[in-house]
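Below, chain A partners chain B and then partners chain C, in two separate complexes.
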Partner chain A sequence: MTVPATLDIRPSSLSPDAAALLGRVVLIVLIAGALTAVDPGFASVSNLLNMLRQASLLFLVASGLTLVIIGGGLDLSVGANLTLSACLAAAAIKTTGNPWYGVAVAIGAGTLIGFANGLMINRLRLPPFLATFGMLWVAQGIAYWFMAGQTIYGMPMSFRYFGTGFFLGVPLPIWITLMVCLACSILLHRTTFGRETYFMGANQTTALLSGVPVERRRLLLYVLSGLTAGIASLVYLARLNAAEPGIGEPLLLPAIAAVLVGGTSLFGGNGNIVGTVLGAILLTIIVNGLNLLNVAATWHPFVNGAVVLVAIIADLVISRRRSGSR
Partner chain B sequence: MMHGTEIQNEQGDRSLHTPMAAGQRMAGRKADAPLLRLVGIDKSFPGVHALKNVSLDVYAGEVHVILGQNGAGKSTLIKTLYGAYAADRGHIEIEGRRVAVAGPADASALGIAVIFQEFSLVPYLDIAQNIFLGREAAFSRFGLVDFAAMHAAARIILDDLGLDYDTHAYAANLGVAQQQMVEIAKALSQNARVLVMDEPTAAISERESDRLFQTITRLTERRVAIVYISHRMKEVQMLGDRITILRDGAVVTSVLRDQKSQAEMVGAMIGRASGSQLVRTPRTPGEPVLSARDVSTAKLSDISIEILAGEVVGLAGLVGSGRTEVVRALFGADPIAIGEISLLGSRAPTTLDGRVRAGMALLPEDRKQEGLALPLDVRDNATVASLWRSFASGWFSPAKAERDTHGLIAQLGIAAHSTRQSVHTLSGGNQQKVVLAKWLAAGAKLFLLDEPTRGVDVGAKAEIYRLIDQLVDGGAGVVVISSELPELVQLCDRAYVMRDHRIVGHLAGDALTERAILELAVHQ
Partner chain C sequence: MSVTTSLQGKSGIGQFLSAIPGAGILLILMLALFTIVNPRFVSQTNLINVGLQTSLLLMIALPMTLIILTEGLDLSAGALVGLSGVIVAEALLAGWGVFAACTATLAVSIAFGALNGVLVAYLALPAFVVTLGTMGLMQGIALVLTNGDPVGGFTPAIEIFYRSQLWFIPLPIAIAAALYAALWLLLYRTRLGNYVIAIGGNKDALRLAGIRANLVHLAVYVLGSAIIGLSAVLLIGRTNSAHPTVGIGMEFEAIAAVVLGGTSFEKGQGWLFGAVLGALAITVLRNGLNILSIDSSLQVVCIGILLILALLIDQARKQFVRRAT
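Then we have the complex of A and B:
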């Protein structure tokens, strides 16, 4: 009996964050191993890449959200933002025939929605939950008005490449995910902005009284969340080849779930972006596995909910044990 | 609740059947037997032997002071007494009867109540509802709460304490001292016979403390035993009938009042002869660091202050006189309605982050909520105010942050085993040093210190005094708020005295005495 090398690392030699990430990797490997044992088709390159492609869309929506949540905020508008950005971009591409206009429109619209969120929270002192909850409906409403019951479909091939193309044998959305993940990671751990984000999330008052320009930093966080929603809208549009109202909203709760399963606390001040990648993969692999096992789709939400709860409870138990039971 | 009562009954029955315990119970009726005894209490946590064979006798009608530095075991002792911790060895006796205290409910049933430093009143309930919180059933009529009866009962308890508070007042609208009194009233309403008070004067002014002492005297006359935890020698000597000194989890000595001098007690606390007291040496101040002219805010009127480089200036006054509001306004945390603030000769930036970059620093009174991010580590906390300066490009280098933090830990003598240790695991004194470290790293030129030694032990206090000296020697201007007048008088070159949100006096040199401050601070 040999123990896998990954399990042979003593916990004391790992930082708590690294241990939490490692635990998730091990969990993903175990689930993947079990599913392969049930159906060898699971481990096929095409199935794995397909799953990662699905996970990458979820991650892109969740990536900016992770930054916001680490900074002590919340963005409920990411799904609706994706919808509106995708619809506007689709219209721009259709009218101009130039995919780059679509890219500009989606990124511009996404960023603007994030900017509006940040402005409402800063200037009107609205709780993030309320401001972005309102924005969810506003963005959704604009999308319905703009589309007027139509669906825009049939994007040019040069644009669809974003969602369906391959580069060096790897689907483009996965490359985009890697780049966004790297950018977020650098932002969080190698810039003063990142350090201030953690601090704001851990204690906003202290951050303010320590000279952190909290409002400016917060505005930037919501802009980044809008930006990643805009990027996600392009990947979605390119893959689906169509845009209509209501496409993005169903992604909101899975995106929040990916952040939480990734080990980021909803209370802010801790977590990291790699965790969100793993969270998105974990949630996707589970849905894939349930399909593979012919579990009725009606059970999927239940299983996802259970996974979210187990992940949160496991993190809580571990962190409580670490901080001592005094 | 139920469980606790069962244990108590079981213990009670047992004591009835044992001749010796019955004998002790008889003795308990005599005046000279202790009401509460802790016998050989021992408690360990992983890595810490918190209480070592601690025995303590508390008599009805006496004030028993427990003295000790932070970490001496005082809080562990209270928590054991209150049933929050289970002792590893030893037991508790009440009137000679061995009792089991498995939780706060047991303690309360036995007549043991604790007034913690952090109060537990519910802000949006009134005084009567707070006093009887969780015991509303006693006023139940037809399944509804009879609030008139509850208020009448609360009135009787408050009158008993000589308090004229309106029982309909919300806890949110009470001052700290008033909340404390309501906590005491709450304890008495539960027939407390032993009242444990954890540093009751830490957050209240001298005048309010006098009121508290009167209440304590009243309680002792009614045979309530007070276990009083404090650092303040003056009140210890004034109040304490019996003084027990703890050090490193063990009882060093237990003496009656006047058996030991102040110096001897301090010596017993710190384990060596009391060091020389800080003596004020005249300093030669330089250029103005900060000057405020006719500043008014929502809470302040006409504040004019000047702080020079190389001097320590006190802000004296009773709690609530507006001292904290002054430093907050100077720091940019509260908006200024009219007035002008200049910093190092030029107009102070309007934003808070601008003022930090211009060299201002605030050490807030509430270090846990406003001075630190408790879940984060020493490095994060020590570098947060200087990120703009140490990493001007915006790129953060963990290696440099690590080096800087090591430097600060060494410079301030912070007892942390690693730069990545969470600050919530540090002692109060070390937490305060982390807050100071943050501002040293930021290169501050003006330090606004709001109660810098509150809740830190004697040793850390001395170190904080030394650090203030270093800051001043380095040419910084320092403003100190302190409710401890001796500290203020010793530490400061001069002081502004506040009353009712205004500055009512300025004392310098030999005119700066405790008496002079009090005369200005108290209503005439």
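Then we have the complex of A and C:
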């Protein structure tokens, strides 16, 4: 496993990163153009907004994951975290009738799962993929047990506004995405924590020797990943208007694909949050396009897997070229 | 150095005892507990049941041990079990012979093992993401082939094979034992086995020693996938049907068994017998919880707790040993 020899702690995401982001925008426009040629209905405002709303759900799951991966870790439990948080929140809203209890429960559960992940990695010295993979099954198991085969549906209108409402003509999930994206951006590029995250991801030993409190920073990263999964679970619940234990699991592969397609390196120390937004949009367009071309939904896992494989190979080629040219 | 430490585990009774991982201690505790709670636990039928379940889990956990010894991981194992079962079932339904169907499954398994192996060994990509990606591919193909529905109604030959016995031993248990013996010989009695352990210890050193380390690394993934794919034949024999998503989660239990057994993800440190201990511990836990009629989704949570307990015990023991020396 090669760690990039150079430290990328630029305060802003310009220069080569900006070029890479622009390349992704062009790719999105090209695919969108091709799909519009196949079906003019694709470019309608309602379809585009609908797609952005879908992409924002994916982005919310992938946002905290991006931070973790930049810091040199991995969180495989985001999908299961979303499932459990959504199920618990739905139960809380149903029993109390007050949406705010649901918000508190989802955020609390999500954060707690992230905290447990960080604790396992720090204290038991488990590799991140193993600890979070174990958490995936534990959270999933709790969700299945808690729901006992039931589906909780019918959320109050005031709560559903989170997922289906509009503000200034734009769906609310897109506003939430913009806020989370802005917060992550500030965190990554304008704070010491952000610089230390890139530093840790590029070379953990050097970071530790340079006085970065690696364990505390790592714990915070996993807590943030859990937090965004909790936020995503609320938007999901509000949009689906139902919670059942199968909702989160199919999200793990697309979330990882969105992060990698967005240009965040799996090897850590590289990447940014805007890339993940574009990655999420790109993945959503691909799925939307497959539906447009009448490809059955059973193909989705195959496509997501293929995208992940292509993205890591591309990531490898790019990082080798980078380290070769310097 | 790591080569010698991992080889030491099998010489001398004292060293053997000191090497019993947390899983061994927990296994004994669980056996005692479940026997006290419900004596039915040690009935002959139940013990044979535990043996059958353990041997199915071992069919995945043993090859997984080899893969983890190379500092790798195979998250696609469960999806491969599902896909292989579907291929056998569909081939049998299409009128193929049992041998031809198994050969087709073997070919597909080897192809996916080679894909994993090339990406991990030659391109040095992280195994957990590579196999996550191929997991998606395999799951997708299994779903597309079956449209998400279970496949049944094929020749009962597979079920008869699963239920047959070698002398008085159920065939799956005999197969798992034979597999253990074969992999033990491979790992501890051949040069190739030394190379496998050395890949986890220091792949560069192995390459500098003139060994084609990448090829050995690739071979581990191919061999692992071939075994995992064929194990699906036993699995569809048990239920006499193939389900595209039946394998999902099996990779978790297999990895948990290996980790429970004390095999580490670093430096090729581990031992094959640990997987047996780990698989037994998981099966006993599940079986005991079944007898206590605890929900199967909560059983998964209990496996997680068992894993953490075993790791804590191992950590405490290491500290104790360090203090003693």
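Definition applied: the second predicted complex is superposed on the first by the 280 of 326 C-alpha atoms of A that agree within 3 Å, B and C clash if a C-alpha of one lies under 4 Å from a C-alpha of the other, contacts with A are read in each partner's own complex, and residues count from 1 in each chain.
As a convention for this text, contacts are C-beta pairs under 8 Å (C-beta built on N, C-alpha and C of every residue); 3 or more make two chains touch, one makes a residue touch a chain.
Because the structure is predicted, anything quoted here is derived from the model rather than measured.
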Check your understanding: Which partner, chain B or chain C, touches the larger number of chain A residues?
Key -> C
Exercise for review: Classify the contacts of A:Gly141 with the two partner chains as first (chain B alone), second (chain C alone), both, or neither.
Suggested key: second
Check your understanding: Thinking of the overlay built on chain A, is A:His300 touched by chain B (first), by chain C (second), by both, or by neither?
Key -> second
Practice item. Return first, second, both or neither, reflecting whether A:Ala34 touches chain B, chain C, both chains, or no partner chain. Key: neither
Exercise for review: Once the structures are superposed on A, label A:Ala43 by its partner contacts, choosing first (chain B), second (chain C), both or neither.
Suggested key: neither
Point to revise | Touching residues (chain side chain B, partner chain A) in the complex | key: 45-46, 331, 333, 351-353, 355-357, 362, 364, 369-376, 380, 383-385, 387-388, 391, 394-398, 420, 422, 424-425, 438, 442
Review point. Can you list the chain A residues touching chain C in their complex?
Key: 1-2, 74, 76, 120, 124-127, 129-130, 133-138, 140-145, 148, 252-253, 256, 260, 266-267, 296, 298-306, 308-309, 312-313, 316
Exercise for review: Report the residues of chain C in contact with chain A in the complex, numbered from low to high.
Suggested key: 73, 75, 119, 123-126, 128-130, 132-141, 143-144, 147-148, 249, 252, 255-256, 259, 265, 295, 297-301, 303-304, 307-308, 311-312, 315
Exercise for review: Please give the residue numbers of chain A that touch chain B in the complex, ascending.
Suggested key: 15, 189-196, 198-199, 202-203, 205-213, 269-270, 323-324, 326
